[in-house]
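Below you'll find the structures, each written out as structure tokens.
First chain A sits with chain B, and in the next complex the same chain sits with chain C.
Entry: the complex of A and B
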């Protein structure tokens, strides 16, 4: 059974002439199992059907700025899975927000509060971006309340045989869109400050004050008054559209990497409130546009669990206890392996596995800080417990370095 | 800690149903299960020897959106692994789980849904038991939050959940396996280990296994373990249904 696919057997033609590709289609489970557990006599390493080691990811490449009509774009390829992401920015004037006049008063009070705590903030700013997170905690709600980030993922591109082009979004596409949005919110990747268009009314009273009294005290007061009048006139809304052009398993990793690369590439034009026309106008000079400053760089890595026993999913009457399971695992360490954790599964492997895990990690201070887990999911089985998840977090940390290089280069 | 309020088979037309109310998170869920039924859209080419699990979630105040699709996917893949879909009369047929969020906070767009997820899972389990769908094991689920001080909050209220640095939903099988983990926010692995330990205690109590393999569930600070809530709900229902027989005896 195993020799059908092994390269060693190809030199000596097997008696049953069945090419490996047909065997893979007829007996997918046995085919993958034969690769992962070759007979001890053959001296073959345990390797996946696609030639990767169990914890090896596919080759990832990224390219940014491919689309000219967007504010930022990226194409990310993870093996044969390709995601194209475009970010378009649109202005949302605050007068179009129905609840703005109500919520603005709340914003003004928080502004005042921040000014009161200003001296302490300057001290903590030097410590790191932790304090910056706290300071932005309340205005982050702008992004969530006003829906300033609108991601959408489309699978109806003819990316895989199962997805009909032009069909309504499948539940997979919808849940992937939701996962991207939820991850954007929890990681707070985009800063609300980058998306605001401020207006500072000219301080007409300042001259008077200065003529009256040259003292510094008055000057500070005038500045304070000016700061207070500063108001938000519009927001940038980022429409983040991801098209999975080719799907060969693991769409989330590729989609998230493309969103990340596209946001890093995004440039917003300089916008200001034109008081004569009473509207927000933008500058078309590229030199005046500014890039988004993102918080951190979370990287997703997905895994699946391949069970050696094809019936493990349903012959459930004899499921061992969690404790027994651990003992079996210990005793089997040298013997036959029962299951494999496969990193970055391709389409073929996804069809053969039920249990999935997805871990999103980030490292603070550009990779020198400590590892932070942003999201950890595991579902569809009982093989992964804390011990296995700890290993997966370590693998994800390595993956973070690789993806950072790939995205950083483009 | 006030435990959840549950009832089995509150609906008479469905094959099985359950309601579940969690006082801490404020979630109030009504669930129904119809099984086994013929599914019109089912393709025979897709796993012909297995049953299909379908999950529908109806939020309280709004039509379902992408967030619901996502939670449906989570519950579906979890139940799909527990339901014995190859039992007699289940192959090629469907198990339809419908969960309606009757009370509690409405979810804004892009919300992680983690605070109601355990209640949805518990309701679906009770409804499946009420419909006597064959399962390989039962489970219990809980949600834990970690606040800015690093303290673990059990089943955080909506305001606590909004302020928490990370939220974790864990489900444990009746045999002690970790069936589901959904964690959001920023945390490190050691924190998660603490969370897992606490969640296991909430679901199973402090285990004191006796030599004959019987596991006694002991009450502690966390009140009655959730695994016991499932058992008691079913026991109560049986007592009610067989009251005539018990009285006669």
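Entry: the complex of A and C
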């Protein structure tokens, strides 16, 4: 920058105006404010510095299944933020779970689910209740107790200058990883049934007989043991790794969209208990593999609140300033906006705002049903009240349609 | 932990992918700069999938991929001031960092860099240090970070784990890293002596009685065994090599009757030829980057 400015100063008389990009660097707050509140005489619409309307999201694109060594993968670009997600499935045999054999013997006699440590969970669920998957309300307990979903988000990919590669994960990366984990658990996106590898004594079905014809004789005495002998031999553990390749604001929306798209793409091989080798074996045939059946399609939308008063962020940590609120009310009546809610903030806007909101919504029955708010989070200020949040939910609902189209296409 | 069994368990059920290129033909390289705007320079590199992999993608039969194709992203941050605690340096301090994504290879990688990743970082640093005109930026640092999204295989997956057991895939990865880093450095407008490109050649044998032959840009999954392989970082216009890494023993290999070169010499020449091929792609990508920069400079001030 300096080297470019020096020859210009010699040749021409120095001009007093700065080019926009330098003004943006020197006075970021005033720059964004000038864009959002243009003088009334200029007839220009209120628009963000990046050319978007306040409630407009960046262009989103997604691509799935391009990574070779994954069970499911996705690349999602939201503007200049790029997230690559790969899902890998590994088997967790139940004999490797320390507390498994204890609880399993109890389950075998009562034909009930493994008793859970959490007393609030109901204990009366039948094993293998496949007919009504949505009804099995606490099948998530396996996923949560055994940590069958292991998401991790990495920012140390050189995605932005602030993150030093090789250093321990930054607090932002850790918190994003945890948010993804928490959202996977609360949305109950993955069904535990998809992750279980069952074993049923082979003398029940004709198909099983055929497969285990060598072990037939020794299983004859097990004939009277029926459905209740069906047991879980292993679980699939899904390692969900998100690499933020390029960071230009709003990493969570991009990361969550990539996780969602990758899980929709995930194929698990057919796995069964091989009684001769006493181990779980898998088939590599694509025709026998099954896709995950996800519950719904939650979509995250993030927002930030830009205050016209540059010092608002400093006061935000103390107490609501009644005087300032009154002024904002007054100027609102006069038609002067002092506060903007910006959807899908880019890196520049994130640096200028304190208050954030994240809303995750889903629509039942593939968009025809009613809107469900899965998660609503806001922090950093008090500008967003219930009325504003209601508007944001409407915006998120529109965003849900857009993202569904993008992810549905791939 | 996971045991993979082919459907009918016959040993011939899955076949090794065959090399369909000429022995001096390289895989196509996709190289693009400037995809990561927050970095001062960036590039993305991808190798063309082998025919076997492309077939497995279009009509999937088995969940086990026959081979894999390199995909990596490289970012350059800097030149930037060194931290206050750092001692004075009259030259640009180069830091290279190569990390595999956890899902990059057949076996899940850990989050902490392992020995092979550090090794790649050191090799890359050597390759680039001789290219950058470091004395133009005293007291500055340059961070080069490479994220490998998909790595190359070390061998065909159906081979026994200890057959020709050397990390041959790493050499292809290193060549890709060098080419991509070179593009990213040029994209960051850092002065270099030349565009350095990476190239790989290998002496392979496709059976016990088959004569060893020299192939450029070998995909380790496609060969029965690799006797030796070589990767160079090469500057074509100066005809200089900044990094040379040779693995295996190909010194006694007789390539053909009319070729009097020693095995290692032939290998080195082959690697340089491969680097020349990669250089044409690199030059094209850098030209694109320069045009974009010029467009920015005309339309408004550059970044």
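As a working rule, the second predicted complex is superposed on the first by the 322 of 410 C-alpha atoms of A that agree within 3 Å, B and C clash if a C-alpha of one lies under 4 Å from a C-alpha of the other, contacts with A are read in each partner's own complex, and residues count from 1 in each chain.
In the analysis below, a residue touches a chain if its C-beta (ideal position, glycine included) is under 8 Å from a C-beta of that chain, and two chains touch if they have at least 3 such contacts.
Please read all numbers here as calculations on a predicted model, not as lab measurements.
Engineer: Taking chain A as the common reference for superposition, should the pair chain B and chain C be classed as clashing or as fitting?
Structural biologist: fit
Engineer: Looking at the overlay, does A:276 come into contact with chain B only (first), chain C only (second), both, or neither?
Structural biologist: The answer is neither, since A:276 touches no partner chain.
Engineer: Considering only touches as defined above, state whether A:372 meets chain B (first), chain C (second), both or neither.
Structural biologist: Touch status of A:372: first partner only.
Engineer: Under the stated touch criterion, which partner chain does A:166 make contact with: chain B (first), chain C (second), both, or neither?
Structural biologist: second
Engineer: Applying the touch criterion given at the start, work out whether A:73 contacts chain B, chain C, both or neither, answering first, second, both or neither.
Structural biologist: After superposing on A, A:73 lies in contact with chain C but is clear of chain B.
Engineer: Should A:174 be classified as contacting the first partner (chain B), the second (chain C), both, or neither?
Structural biologist: After superposition on chain A, A:174 lies in contact with chain B alone.
Engineer: Identify the partner contact of A:285: answer first if only chain B is touched, second if only chain C is, both if each is, neither if none is.
Structural biologist: The answer is second: A:285 touches chain C but not chain B.
Engineer: What's the minimum Cα gap, in whole angstrom, linking chain B and chain C in the superposed view?
Structural biologist: 11
Engineer: Of all the chain A residues, which ones make contact with chain B and with chain C?
Structural biologist: Residues common to the chain A contacts of chain C and of chain B do not exist here, since the sets are disjoint.
Engineer: Of all residues in chain A, which touch chain B in the complex?
Structural biologist: 144-145, 147, 171-172, 174-175, 177-179, 181-182, 184-187, 313-314, 316-317, 319-323, 325, 354-356, 362, 370-382, 384-386, 389-390, 393
Engineer: Hey, which residues of chain A end up touching chain C in the complex?
Structural biologist: Per the stated touch rule, the residues are 4, 19-22, 65, 67-71, 73, 80, 82, 84, 86-88, 90-91, 93, 152, 154, 156-161, 164-166, 169, 239, 241, 243, 245-248, 267, 269, 279-287, 289, 347.
Engineer: Show me the residue ranges of chain C that touch chain A in the complex, using the header's touch definition.
Structural biologist: 1-7, 35-39, 42, 53, 57, 60-65, 68-69, 71, 73-75, 77, 80, 97, 99, 101-106, 108, 111, 113, 143-147, 149-150, 300-303
Engineer: Spell out the residues on chain B that touch chain A in their complex, using ranges where they run on.
Structural biologist: Listed in rising order, the residues of chain B that touch chain A are 50, 66-67, 69-70, 72-74, 77-78, 80-82, 84-86, 108-112, 136-137, 173, 175-189, 192-193, 196.
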